[in-house]
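Which chain is which? They are A, B, C and D, in the order written, and residues in each are numbered from 1.
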């Protein structure tokens, strides 16, 4: 495990256990090809994701963060994804103002049956992040 | 009497920098209760291992490097010195990290700090130990020390309690002491529990029932703050004077050497002037901030 | 014959340049509009025009907001600890105000007591303090109530007094005497200059109008330690931020924390404050969760506990805590309102 | 109405509230211990109401005290403060019936720091600072200096949308119109947005390298009412307690996101910062984002749900894949 080469860019995904996490699982079991750049944290709902988590991930050096939940109207807890949407909307705008590239904060709706979509989302984000510099935001020297 | 103001013992600096820890290896881990572990350790440095000495009641600062540092008393006795011990409950960042460690893991240790128990003062006295929960750890160091020098002390009474039978720490010690005819031990738990035939009730209440004589006696108290707060009035009722009551206190500490500021009770710093105090020393402040 | 010297204010750069050969010279400077003592650029002496006192006290130069204590690495053999030494710069602090110099004397005691603090003391070692008497104290200053004055030279090596176009220069310590002896460009002061300096000092003393009475304050505080009503009233408007303690020239509380990434990391110390609930919070209890207990700790530490331990009040009357407080919490009002012993 | 008249009415109101037992505390302003400074007065004593004042220097947003007061409070509120009070109601931190709001229409507060910069003198060196409608007259050593009011008001006052309290039990003084003017250029949002993104990050990096983590910005903020702030969590340790710029910036950015929809642009965070970090340039940006994205302004309606707990089925989806 230690010898595994570091994948660039590194993405941290917060995936809702009811949909996107299952979607990612499906992408795996149905052998959909997608870049192995994403590391996943399963969350009970996209509404659980405090913007603090996103910022912490950037602080830890992840190049991008994906928050993924159920499609609007499908939240297991009725409104969690709507709340996530508001939070992520302001987080993305605000971080851009502070000086963070918008590509680093990503949000998607992926249902449990959308294995293909999950693979596409990861591929697209990976491509976008390859187009910008690696995350050196929190390095001491430029 | 007053407990000595500063550690008169030897100082073991990793260099001339008091804040640098020594490296030590965990040699054994005992699960005392769910959430409480005793760690046996030895210094990596051969020379230090031989030379290190401390007094019962002193503490050290233990590091999990990268996580942080926390103070615990040295719970083993100076009279039994092939290794050192400390015990800790899993309650915060550093203790969680300690509890994740296994035998062979490397930790940082600096110390010993604090004053320790006033052995000279205790000589020739009846010793009454009053402990609660993990508060037995510092008392245990002194109890073993007293047992190993049994001739120096008169009666030894131990009143020790915990929430439930499962929360009693150092059961192996309790068993040994129970068999020792030269000491008298009373264990208690807070509430009735199946299979428990001993006493039931909070430590201060049991202390009042046992009612040890104050004559030529010193009470040595350690436990959670709430237990300590309720124990002093009982001892006073039993005729103990402020100079006959000794406690070892726990406060949040960082530096361990009286500088970082947070562990004070009035003008006294628990790390520097304590952790062992007589009630006489702290009575002005104890009801309010401890 | 007079022993003091003088120098024209215009020529101050000339003596700083000489001192700069031997010392790291710190002068009142601004960083992002916040004043502090910082390295002299070797040229500019304009800083003298607006210097009343720095927002950041001089303690910052010896006990910085954060510092690395040691670093560590882990390899096959285990951990390796690499101590960080603050270096052997000999500092010269120019135009330090008497209150800040007195504050350093208080910190010296705290950091030397018992176990010596190597970080503070190694920076402090060999420091030369060039004091500058105040001629324009703030309305928040109360040094004259703390046994000091705007021209107090007790804890400096050399004392300067603004006598108009010139500074009168007085040697205070042996170090100061030697330095003056080997400093070129200084003129002999005349009797008239010394007379002027005396006038200036008296006038400055009278400009400090904020007064408190600290007689028996330790006893009064001990007597009202349990007076919750008093402390609740006094602390009511405090918002528990760290400004008054962080920017106090004598507050020295600190925190110690590790940072690590993968197999290496470092231990840092940083300022901490008795105003924060988390400062004393333990997993199970916090002896000072309530605000009034924290305010009491701050006041008592300075005016009761520190005097009990070290014989002097840990406040120099610089007034920063009053000037910078977001809600104008005023320690002089607190001290004045401590109940008399009944 | 003159401030002195407002003061008189205020004292009568406050006294009556205490006497009739309608409130346990009065929270207002009294003369501070430094020139021009006012200081919060929190009292149960009806005689203390004679100390209540109103002036162009009543800077504190007193609503910060409401969550710690035990009992009912009569509180003096300017426009922005009243919105902070409403926020607390929206978040169920206080109940409407526990607060009596004595509203004061606020024509803007004088920023002594700005006058200090203009005159190159400190506030205690001024003899007087007097506002005459749209002018501010400062006297130093007997000499008068006259400034257009827009040059000496706080930046947030110059961009104030609601000088009149939005929620009150009694309004003291006549409603007034907001004063407008140019905010400090160096730190304006416009100026910062004109920078390339990387430069902007470096700007904040530079600013936050000064931060000493005194937490005054958080502790003065009525929207920061968490019992335990994320910076104090140690398991997990979200933010290092060591004041490195990275963690300082992370703290402030997260704090701003956490108070989104609660920040009323009262400007207190920036005013109290002893390190002169232009915190309002962060806070106001979030205020604007919230307004643009959700047409939401904090503290306008005590019956509305808080911004971040509410949603509309169809809103901002453009950034979602």
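Operating definition for what follows: a residue touches a chain if its C-beta (ideal position, glycine included) is under 8 Å from a C-beta of that chain, and two chains touch if they have at least 3 such contacts.
All of these numbers come straight from a predicted model, not from anything done at the bench.
Pick the pair with more C-beta contacts: B-D or C-D?
C-D
Measuring from the mean C-alpha position of chain B to the mean C-alpha position of chain D, what distance in angstrom results?
Each chain reduced to its C-alpha mean, chain B and chain D end up 50 Å apart.
Using Cα averages as centroids, what's the distance between chain C and chain D in whole Å?
31
Quick one: chain A and chain D, Cα centre-to-centre, how many Å?
The separation of the two C-alpha centroids amounts to 35 Å.
Got the chain B residues that touch at least 2 other chains?
Those would be 92.
Among the residues of chain D, which ones contact at least 2 other chains?
none
Among the residues of chain C, pick out those that touch two or more other chains and give their numbers.
If we look for residues of chain C contacting two or more partner chains, we find 255, 257, 259.
Show me, using the given definition of touch, all chain pairs that touch one another.
The list of touching pairs comes to A-D, B-C, B-D, C-D.
List the residues on chain C that touch chain D in their complex, please.
Chain C residues touching chain D: 31-34, 50, 52, 55, 65-66, 136, 138-140, 236-237, 239-243, 246-247, 255, 257, 259, 268, 270-271, 273, 276, 278, 291, 322-324, 326-330, 332-333.
Hey, which residues of chain A end up touching chain D in the complex?
50-52, 55-56, 59, 72-73, 79, 82-83, 85-102, 106-109, 121, 124, 137-138, 142
Mind pulling up the chain D residues that touch chain A in the complex?
Residues 189, 192-193, 197-204, 230, 238, 246-247, 249-250, 253-254, 256-258, 260, 282, 285-286, 289-290, 293-294, 307-311, 313, 315-317, 319-321.
Quick one: in the complex, what on chain B touches chain D?
Spelled out, the residues of chain B in touch with chain D are 92-93, 96.
If we count contacts the way the header does, which residues on chain D are in touch with chain C in the complex?
Answer in residue numbers: 32-35, 37-42, 60, 64-65, 68, 120, 122, 124-125, 206-207, 210, 212-216, 218-220, 232, 240-244, 268, 271-272, 274-277.
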